[in-house]
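After this come two complexes, each holding chain A, first together with chain B and then together with chain C.
Moving on to the complex of A and B:
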C-alpha cells in the first residue's frame, strides 16, 4: 500500500522536528542547570576573592584574571599575523599552487586536536625556547590555535569589499599598500573584529592547550610578569571537578557559569558589532 | 581622503617591506603545520631508540609506569575508535535531520531560535560540557544499565555526539543552501511535495556536503580531550563492550603528561601518540576538504 504523499510528508516533518528537539532540549536543560546551581554561589565576593580551604570555598578571582591575561595576550599575538595572512590571501595571492597549499594548511591547522597544540606548545615554547610553564607560552599556543579562525574570517571580510573600491583608489594613483591600508582594511574592519572576538571566545574556553603550557593548580597570588604561571577558569573547573575531593557543587557550577557567561558576552559583542555595521553599510 | 600623487622613495621602501611582511604572514600557516609536525617528531621519535616500534603500535598493554614500561597503544586506539564510532552513529543521522529541519522546514522565527541554540552549544567549552556530563549523564547511564560505574565509552559517545552536532548541522546547512534554487523549484513545479523534494532532490544534490559534515564531525570527535577524559573512566584496557570504561589517545596525553618526566620514555611515548593523532586528523581533514571542494 502506498501512503498518501501528504501524510508521508507530515510523518517525515514530525520526525525531523523530533530530531531537532533531541539536540535543542538538552542545550536548554544544560543552561537552566548552570544558571540554577551557579547563581546560588554568585556574589561579588565569589568574583573578587581568592579560593580558600583547598579551593573548596572562597572565590575564583585569580582564575578570572588569568583567563583575561591569556586572551588579551593571545589576541595581541594572533590578530596582526592573522590579518596580514588574510590580506595576503585575499589581495596578493594568485590562484596557484602556493595558495592551494596554504588553504590545505589552514584547514589542517583548524583540525589539529587541541591536546596536540598543547604538546606542541610544551615542545617549542616551554622546552625549546625555554619560556618555562608561563603565560607567554600558553598565550602563544592559544594564538596559533586561533590563527585559522582569524585568517578565515578576516579573509571573508576582505572578500566582501567591492572590487570597484580598490580600482578607484588605484586609479587615483595610490599604491597597493595605500589602497589596502586606507580603503580595504577600514571597510573590512567590522568583519575582522567580529571574527577575532569569536576566535578569542573559543580560546578562552580551551583547557587542553594550556594544560602543560601555563596552567597552575593553585596560586595564592596573581602573576607579576608574563613569564609566571597563572590560574585559568577552564583549568580551575577541571581541577575542581576531578582533582579536589568534596567540593561543594555550587563552586563548580559557579566557575562554569562565569566561564560560559564570559564567552557568551564575547559572542554577543561580536554579534552586536556585526549587525551594527551591516545596517550602516551602504553597498 | 588624501592621496598623494608623487611617490617619495621611502614610500616605495615601505611598500616593499610591507609586502614582504604580508607574504611572510601568508605562508605562516604552512610554517606552523610543518613546525607542529616537526616538534612532535622531535620529541616523539626518541621513543623508538629505546622501545621497539612494533611493541608501540601492536602492543595490547598500556602501563607506562610498570617496570619495564609497556607502551602498547592498541587499547588507546580502540578506546578512541569505540567512542568515536558510537558518537558518529548517533550524531550523523540526528545532525543531518536537524539541519534539514532548520534549513528547509522551520518557519522564520523558529529557525532563528534553533540556529541560535545550536550556535550557543558550539560556544560552550568542552570542559563545561564534560563537567555537566559528569554530574548528570554519568549517573543516568549507571542507573539505566545497572552497571557499577557510569564512566563508560557509551557515556563518552553520547557527550561527543552532542558536541559534534554544531559542526555537522552547520556544515550540512551550508550544503543545503548551496543546492541551486532551480532544483528546488523544478521539483515543486512538477508537483512533488516539499518532503519529496527534500528526499529525492535536495539530499542527493547535497550528498558530498553530507560526507564532508561526517568527516569534520569525526575530526572534531576524535580530537576532543577534556570532556572525554572526564566521562569515559580512563581505564586503558582493551574494551569489549561500550558499557565499559575506556581511555582515548587524547585523554592519555592530557592525563599523563603532568606526571611524565621530561625526556623519559613515558614522555616521548605521549608525543608519539601525538604524532599518531596528528596524522589521523590530517587525513580526515584532507578528505573533508576534498568533499567540500566537490560540493562547489
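Moving on to the complex of A and C:
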C-alpha cells in the first residue's frame, strides 16, 4: 500500500511537532512552577541577607556569592587550560597517535558521572594536595569536570577556521605559533568562549562535585580567601529540600529560581556572543 | 631535459633531480628545471600531473603534510632550499605564493597588506603606511582602495581579493612570486586584467605561474614547462613550445588532443 504523499507529509509533520512539544512543555512548566512558587519570597532582602532560623527564613546571599566565586574561579582555571589543550591537539598534534588516545579519553571523560568527579576532587585536591574543603578545591573539581566539554567545543571552533587562512599565513613566512596567535585564535575565540560558557553554566548547577570539596551546610559569613569553604546555590537547595524540616515552601523555589536565572544569564551571554560574531563572519 | 636556445644566466630558482613522494606515490619524478630572473615561466599539464606539487615544493609548503618525502634539491639564488640550517621564514619572505582561490585574511585591507611586514620587520607607522601605498599601487589597487583601507578584505570582489593577496607578498619585497592558477576563480575580464598585472610585475619579480589554460600560458609567459604524470616532458621558450614543440606528447596536449 502506498500512502498519499500529502498524508505522509501531514503525519511526519505531526510527529516532528509533537516531539518538539515534548521538549518544550516541561521547560515551560518548570519555569511557570518556579515563578509561581518562588516569586512570593523574592525580594531585595532575600537576595542580600544571610539565612536565619536554621535556614527557614532570611535570604540566600552567601550561597549566591559562593556560586559566583566558584563560577569565576572555574573560568580562570578551566578556560586557559582548555583552550591551550585544544590548540595543541588540533593545531600541533593533529594526526599524532597521542592525540587519538586523548580524543578517546576526552569522549569518555565527558560521560563520567559528576559524583565521580566529586570523589576525585575530594581525593586529589582536598586530601592529597591538602587544600582542605575550600573554594579552590571545588573550583578545580568543577574545572576538571568542564574541561572535556570545553576542549571538545574549542576544537570544533578551531576546526571551522578555513585551512586556507593557515596556509597563506605560513606561506607569508609566519611560524605556526604566529599563525595561531594572529589568525586562528582571534577568529575561533567567539566559538571557544561560547562553548566554554555553556560548559560552565552546566558546572554551575552541579551539586555532586561541590558536595565533598567546598560546600558548607551553613555559613553565616562570607568566605575571606579562596581556601575557605563557602555555601553554593545547588547544594543549599539540596539541603533545604532534604535536611531542613518545615521550610517555607517559597524559599526552596526562590532559591531554585535564582540558580536557574544565573544559568540562564550565562546561556544568554553565550548566545549573544555567538550571534554577534556570526553576523560579522564572512567566510 | 633543458633545451638551450640562448645562453642563460644562472636562474633565480633551480630545481635539481627533484623527486617528491606522497607516501608511496611519486608525484614528481627526477625534475630538472631552471627559472629565469624577471621572466614568467608557465607550468602546464593535465590535472594531477604535479604542477601544484612543484610550486608548493619551491617554498616548502609541503612540509606541513604528513608522509611527504623529497629527494634532490631546489636552489634559490644558489642557496639550497632543503636541508638542515635553511631559514624557512627568510626563504618564504623572498619566495611568495599566490593560491588558486583568493584567500585574504578576515582583516582590513591595510592589515592584510602589512601582515608579513608585521611578522618580520619592526616598522614605524609611517613606514607601514608607505609600504601599503606602494604595494597597493603595484597591484593596481591604490586608486580603488586608498579611501577604503579599513574595509574588511573579505567584502571585496574576487579580483580585488586576488590582487590584495599579491600586494601582501609584494609588501615584503620578495624576488620570486609563485602563482597557482591565480585566475581560476575569476571571470574572463578579471582574468585579463590579472594577466596584464603579471606583465607589469615581471619587471620586478621572477614569476612562476601554474595554469591549465593554454591560451593564458601563451599570453603571459616567456618560458613554458610541460608536465605529465610527474615528469617534465618539455621545457623551452613559450613561442617555441607553442609553435614547434619537440615532443609529440607536448604537441598533442597543446593542440588539445588530450588533457
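Basically, the second predicted complex is superposed on the first by the 257 of 283 C-alpha atoms of A that agree within 3 Å, B and C clash if a C-alpha of one lies under 4 Å from a C-alpha of the other, contacts with A are read in each partner's own complex, and residues count from 1 in each chain.
The rule we apply is simple: a residue touches a chain if its C-beta (ideal position, glycine included) is under 8 Å from a C-beta of that chain, and two chains touch if they have at least 3 such contacts.
Predicted model, so just to flag it, every value in this text is computed and none were measured.
Of the two partners chain B and chain C, more chain A residues are in touch with B. By the touch criterion stated above, A:171 is placed in contact with chain C alone, chain B being left untouched.
In the superposed model, A:201 makes contact with chain B only, not with chain C.
In the superposition on chain A, contact is made by A:187 with chain C only, not with chain B. Shared interface residues of chain A, touching chain B in one complex and chain C in the other, are 169, 172-175, 178, 182. Against chain A, the residues of chain B that register as touching in their complex are 1, 3-5, 7, 11, 14-15, 18-19, 21-30, 32-33, 35-36, 39-40, 42-43, 93-95, 97-98, 100-102, 105-106, 114, 117-121, 123-132, 134-136, 162, 165, 169, 193-196, 198-199, 216, 219, 222-226, 230, 250, 253-254, 257-258, 262, 270-271, 274, 277-278, 281-282, 284-286, 288-289.
Residues of chain A that touch chain C in their complex: 95, 162, 164-165, 167-175, 178, 182-183, 187, 281-283. Touching chain A in their complex are the following residues of chain C: 59, 61, 64, 66, 88-93, 96-97, 99, 101, 103, 105-106, 115-116, 119-120, 152, 154-155, 165, 168-169, 172. Taken together, the chain A residues at the contact with chain B in this complex read 5-6, 8-9, 12-13, 15-17, 19-20, 22-24, 26-28, 30-31, 33-34, 81-85, 87-89, 91-93, 98, 101-120, 122-124, 127-128, 144, 147-148, 151, 169, 172-178, 182, 201-202, 204-208, 211-212, 234-235, 237-238, 241-242, 249, 252, 256, 259-260, 263-264, 267.
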